[in-house]
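Two complexes, one shared chain (chain A), two partners (chain B, chain C).
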Partner chain A sequence: MTTLSHAPASSRPIPNPKKSLITKLNMGTGIVVGVIFCWGTYFAMKAGRDMTDSHNVNKVLLMSMFAWSIGFLIGIGAFIGPFRWLIGKDLTDEEQLYLAVDGQGWKRYFKYCTDHKVVGIQYLVGVMALLGVGGTMAMMIRTNLATPGSHFVTPVVYNSLVGLHGITMIVAMIIVATGPFGNYIMPIMIGAADMAFPRLNALSWWVLFTAVPVLCSAWFLGGIPTGWTAYAPLSDQAGPGMNAFVATIIIFAVSTAVAGMNITTTVVAMRAKGMKWNRVPIFVIGATISVALAIPAFPTFMVAMIQTGLDRTIATGFYDANVGGSGWLYANLFWIMGHPEVYVILIPGVAALMEIAPVFVRKPLFSYNAAIAGFAGIAGLSVLVWAHHMYMAGWMPSLNGPFMVTTEFISVPTGLLFLVLIGTLWRGRPWMKLPMLCVYAFIWNFLIGGITGIYLSDVPADNYLHGSMYVTAHFHYTLMGAALTGAIGGLAYWFPKMTGRMLNERGGYISFWFIQIGFNVLFLGMFIVGAEGQPRRVADYAHLYSHANLISTMGAYSVGIGMIILLWAIVHSWRSGKIAPMNPWGAKTLEWTVPYPVPLVNFDQPPVVTSDPYGYGRSAK
Partner chain B sequence: MAHDTEFHVHHDSPEAIGRRERLGVRLLIVADGAFLFGMIFSYFYLRNLNVNGGWLPKGVHSFSTASGWVAALGLIVAALAHRLGEYNKAARNLTAIVVLVALLIGGFYQWHQMAHMPFIAHDDAGRPFYNGAYASNWVLVAGANMFHYIVGAFVALGLLLRGYRVKLDPTLEEWRQRTAGSWFTWIAISGIVCALATSFK
Partner chain C sequence: MADHESELLAPTPGARVSTFLKRKDVSQTLLLWVFFTAVFVVLGLWAYPKWMPVVLSKQMQANEDIMIWFTVISAPIAGVVLSIAAKSFLNMHRGDTPPEDGVAIRTNGPVVIVWTATSVLFCIVAIVWGLVALNTESIAAATDAPKSLIVDVTGSQWVWSFYYPQQNIHTHTLNLPVNQPVTFNVMSADVNHSFWPVQLGVKIDANRLVTTVAHADPTATGPLDVKCAELCGLYHAYMETSGAVESPTDFNNWVSSIQATGGVQQ
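And then the complex of A and B:
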């Protein structure tokens, strides 16, 4: 990699590599080429094909979606670097500078920009958009469930809502912390000038970007009937909307592999001088363990989706029992990815809160080593528990016992995470700012999420609870109550560094209470109706559950209002909030030693680290 | 800070860049390895289940074991030739060509196999389908090989062309030879694993 000078942007001319194609390309050209590729493929493939055969329909649609993605990447210039490498004429210094789009104002957010800070902001906005879309669907789901026999949406639409809400949120949550903070903050935290592979960093974002319209197209193609888990053989037989799901996951898997290897390499190879492993901030450790776990986990989902795609297009039979296939194959591949994935989501959120807690109680992080052991233990065990999602699937009942044991074992390293947080808070004098409130909310929510998980891991209990709203409540407590709360805490904490302004406090507090109270109202009751037998993923329910469901829906509206207030606070503060000082929280990690706007290469002089980042109340060692 | 200086570009040492690139590629190999694991898992899982006797239904043809190994041959030769060139710089112009040609020929053979699959059947409406789980798995494995041939050929062509450029940093290019070596070795291993797997019918 090449890093760039740090003279202030204003004093430098915009690099202008003459005649270089890269100066002409941006998101607009990407969209144009992508759309041309998409429609070109569509019409070319459609011609002469019998479109009454669903296999042909799937073929045409799937290929058009991939063509869009590839066309977009060509159009935005993603392949210029690799091509120039191929012919041995590497990008010149001037071109590299241009790609970092220094000094070009807002335009850089719409370019193939290699600056990690730009990529971080792109991810942040992307995540908020995904959460908005997914949240809107959640509101529609809860509106439909407000009363029994409601016809707010048809059952078919309801199925699609549940599935697309689920996958949108899962995608959003996978990137919610590592995307914005992993890209913007993490390189500064370790004292690096940029990511290890800046062009791949841009690639991971723009590849992800191409997945979004593909996912949305599911709505125009009739939705998906399968839920976010896309179980086979239903996914084989589902209508054209399913192609959007398949293409989204394949594209997304490419993006996460690239992003994961980039983040891991950056942390391993680009830490500042003196930043030994035991001086690396805990957020960096958590984010790295999370993406390093994703690298081997996600490809099995990609295999499953390619198999689904092949079944649907060229009539292979991976999941078709008529020709020797089996739905169990899908379930295994899916959950071998799926369980590690829930920790890929959880760990960065917790790690962000572990970064926050010491700062706001002015105490060292309690047992840094236990935190690392917790993350590592969770990551290691998480690949050995996948069949707890399949107890009732009839697959290998003899393995239920062993999987129950491994699953319950995970509560040990999970307990370490609690220990670290509570130990850090213990006898501290908390400074009750929004990031700190999120630490408390996390402890409450994840306690409930984690303990209900242990009930689910118990085979006899799961025999009864599986497929009920109890499961839905459990994983919302972990995903939303824990991981999203962690991400919101991270946003409140790093907002000053990312935008140069303080997040509006009152807006932050009000949204916090609307969200947290609403959330608990929404999902605590869901445990009860779930335990009483209300099935998940069903558009209607028996009258006996009607009170609890109405209350849940009221909680959901409260969450919705809170989210809108939070969005307002973010937008308002970003545009005209109070200007933030360099280190508003008095924290000791490196990102607070650089001014806003952060210079192109982050540091005037490469920093040298001489102590651990949590040395509050003791002299630096 | 000198504000009037022209922007300048600071380069990390070629050693540092080279090492970083190798780590990056190795991490991608881990991801690809997980993909291979998923495929092999699918192959043997469905083979052992043999749902409704549908692994290789009666009368359905399979590829010969030998042809599976031939399909991996290009990957293996390429990896060996690259290794040779890595240690013997004088021979590198030649070995780089051998790597590329091996990958092109191997890739062509793999493509040819895929164009002549013996297990495609037709339903009552005359629509083709893959008859049996062996057939389904075979096409996925062959596709993965094909993907490796294409990416491998891209890398090989790049190395070949770059070998003739004098302006490039020799230390960094040496690192890239090694990094590419990791990749070529990996795709050969993956090819061997696939050939081994498809030997079990």
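And then the complex of A and C:
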């Protein structure tokens, strides 16, 4: 599809702006400065304050957390450029090249590196770490629920586990595809030399990085007892650990806004010559729609959290009915973010699988336009449905009908996504590699997630199901069964381009079956106890539910084993896997036309695109 | 694969359909469709009634009907998706080299239209069903209001308490007479809770300083579980109580026994 010469990676000398401060800064200096800022703020603010008053504790802790984040960014050199602007200068060319260049070896993964490929790998490792932490907590939750009686942990710890598992997973899943693949692969896919704003790219990653210790600090501050939804007034009442949640969300919202602007600008402005909108690979479309949807969504969450923070520090009472506030204000703000957010998570995963399916079936993507209509329709409707999470809140019973209508209409664009996939499979002969297996797992899981979503969106049925384990099973089918499966498919597919090696096949297959079978057993059990009437977020339950809960826990262990095998396969293959050819799957998108390691500016000559990348197949007779 | 590649499509639409149906891959897909559709129909008709608790009210009946019939209606659509996926799965190619290219079908206008129309139709059925159920429910709530038994429900960390103003009794179990509509006025003393008398199939959040209302029509007698469906802190899991829908005589006896102890349940 393109005219491109496969010249070897350019071997540039490493730029060495000797005297520049930039060469001295890295993650280590960031941590040092961050910690100094954090403790400095802590002790300075604590002095003279009455620390038996929880408002004061909240003030001190929140400010120390933000100080850590800002201190870290100063320490890693994020503000050197902006600071130079203030005095009418900028980074020198040498310095800019230093920040981007390949050839500093592994060290650049610990620096404020502006190369999108480095940022992509940083995100990949970060996502895996978050999923690992969240997954470990999931295993603890399921261990506690294996038998009635809450024998494994106390209810305090249990509630914290649920909240931390939830928010850790949500954060991980928001970046699971757009982080690694959106940064590493997407610019190459559209034929760009880098992202539109390389420094913002580094910023988005390192800002996100600073949120991780903040989130982890919740453990030592008494946990997050509110679930990931952090409903007020429970959050007003919650202990110091809640500050970690507030700070994490505010920091994370900055990161996603920066990343979202960067990705959208890149796709709009930096596509290769000839890549008209109808030739853009579907993954790029999906990732762009997803981050564009996040741009309005996350600030709402940020506002909600700023108000929680103010309620907790200076008793503003936004959510406190005693002084005229309302918890419904919080619930509305939260879900105005929350529902779009589930599609922010879902769409890139689906889009990755739509990229994969044509390659392995060796047929064109069925109805590219329907795919775009599906994504756009979902994104458009998703901002109009938030109160389906509040049918039983009592907030506005008269709006339940209208919200039910908008919600159920989402099944139309969602149906288009299924049509595109089965249309691509129709009469096909799929090459059954791991990425393709993920397409099948996705279809099954998302079908279950989608159908159960229709019951939940129906007000009378939700009367019964709301707040039950049924809901938990439903959203794991969509978030994990669909979106995470899509991301694993994407990883298996792009692994050769990101690491230069093939993912170990046997490890991949074994982990796939452990994960997918375990997953279905796990959440089938949760559907059953939910239908039987077990509420969600409970540390303990009646004997009636014990069989299905035990089965669920068995399924969870199978998922856990599968994930460990997958992790092993990834680490092992990354270090010593089979060297990958340039285009192992015979795909037609641009990323497969560049060698590994991908040269600094990706292409030696800017590519020219003359068709969409789905030109597979013999013509039908 | 090769068998249907070479055949020419017959000239008339009727003949085209019948040649299409005679294709081996198509008939196999159809068989799979029958199988998957049947699985979902059975799941709806058998599994939900088995899993869901005993129906003690009109509302619970309406919920269970939705669970059963939405599963049944969605079965043929799920069947299409799964049969096509399964057929292609069974046709898989393994090995280290890609298979030869398939047929270049870029889109198919009529298929896209029929599929979209079907999902719109399905959607409308679900919406109309839901709206009718919702409407029936709110009309019933309005007309039943005068003859309703009133129960004021208060959620506090981590207990439910009930006050029956017409009988002037305070209780911690929820007993109700069968065949009399009941209105719950729900409030919280602290954080949000969600009042869930499970077998009645209704649910409403308890908020601080605001009263929310739920309405139910008990139609059968039996034990009742009351739970909290909104995370409300440490002992949320244990915020449960019991009760019963019982015959009017039993209910009256229960009320008088409480009135005998000063109007407060012991």
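In this text, the second predicted complex is superposed on the first by the 604 of 621 C-alpha atoms of A that agree within 3 Å, B and C clash if a C-alpha of one lies under 4 Å from a C-alpha of the other, contacts with A are read in each partner's own complex, and residues count from 1 in each chain.
Quick note on the criterion: contacts are C-beta pairs under 8 Å (C-beta built on N, C-alpha and C of every residue); 3 or more make two chains touch, one makes a residue touch a chain.
Just so it is clear, the structure is predicted and the values come from calculations on it, not from any experiment.
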Practice task
Using the overlay on chain A, decide if chain B and chain C clash or can fit next to each other.
Solution key: fit
Problem - Which superposed partner A:300 touches (first chain B, second chain C, both, neither) - result: first
Practice task
Identify the partner contact of A:322: answer first if only chain B is touched, second if only chain C is, both if each is, neither if none is.
Solution key: both
Exercise for the section: Using the superposition described at the top, determine whether chain B or chain C touches more residues of chain A. Expected result: C
Exercise for the section: Considering only the touch criterion stated at the top, classify A:461 as touching first (chain B), second (chain C), both, or neither. Expected result: second
Exercise for the section: Could you say whether A:604 touches chain B, chain C, both of them, or neither, answering first, second, both or neither? Expected result: first
Exercise for the section: For A:239, decide between first (touching chain B), second (touching chain C), both and neither. Expected result: neither
Practice task
Applying the touch criterion given at the start, work out whether A:585 contacts chain B, chain C, both or neither, answering first, second, both or neither.
Solution key: second
Practice task
Have a look at where A:394 lands relative to chain B and chain C in the superposition and call it first, second, both or neither.
Solution key: second
Fill in the blank from the handout: Rounded to whole Å, the nearest C-alpha atoms of chain B and chain C in the superposition sit apart by 8
Handout entry: Doubly contacted chain A residues - partners chain C and chain B
Key = 321-322, 326, 328
Problem - Interface residues, chain B side, partner chain A - complex - result: 1-12, 16-17, 19-20, 23-24, 27-28, 30-35, 37-39, 41-42, 45-46, 49-55, 57, 127-137, 139-140, 154, 157-158, 161-162, 164-165, 168
Problem - chain C partner contacts - residues on chain A that touch it in the complex - result: 150, 155-156, 159, 225-227, 229, 231, 233-234, 237, 321-322, 326-328, 360-364, 366-370, 392-394, 397, 400-401, 404-405, 408-409, 411-412, 415-416, 418-419, 421-423, 425-432, 440, 443-444, 447, 451, 454-455, 458-461, 463-468, 528, 531-533, 535-541, 585-586, 614-621
Problem - In the complex with chain A, residue positions of chain C that touch it - result: 1, 5-6, 8, 25, 48, 51-53, 59-60, 62-63, 66-67, 70-71, 74, 77-78, 80-82, 84-85, 88-89, 91-95, 98-108, 111-112, 115-116, 118-120, 122-123, 126-127, 129-131, 133-134, 137-138, 186, 190-192, 194, 196, 198, 201-205, 207-210, 212-213, 225, 227-238
Practice task
Over in the complex, which chain A residues touch chain B? Could you list them?
Solution key: 1-8, 11-13, 15, 53, 55, 85-90, 93, 96-97, 102, 196-197, 200, 257, 260-262, 264-265, 268-270, 295-300, 302-304, 306-307, 310-311, 314-318, 321-326, 328-329, 332-333, 336, 601, 604
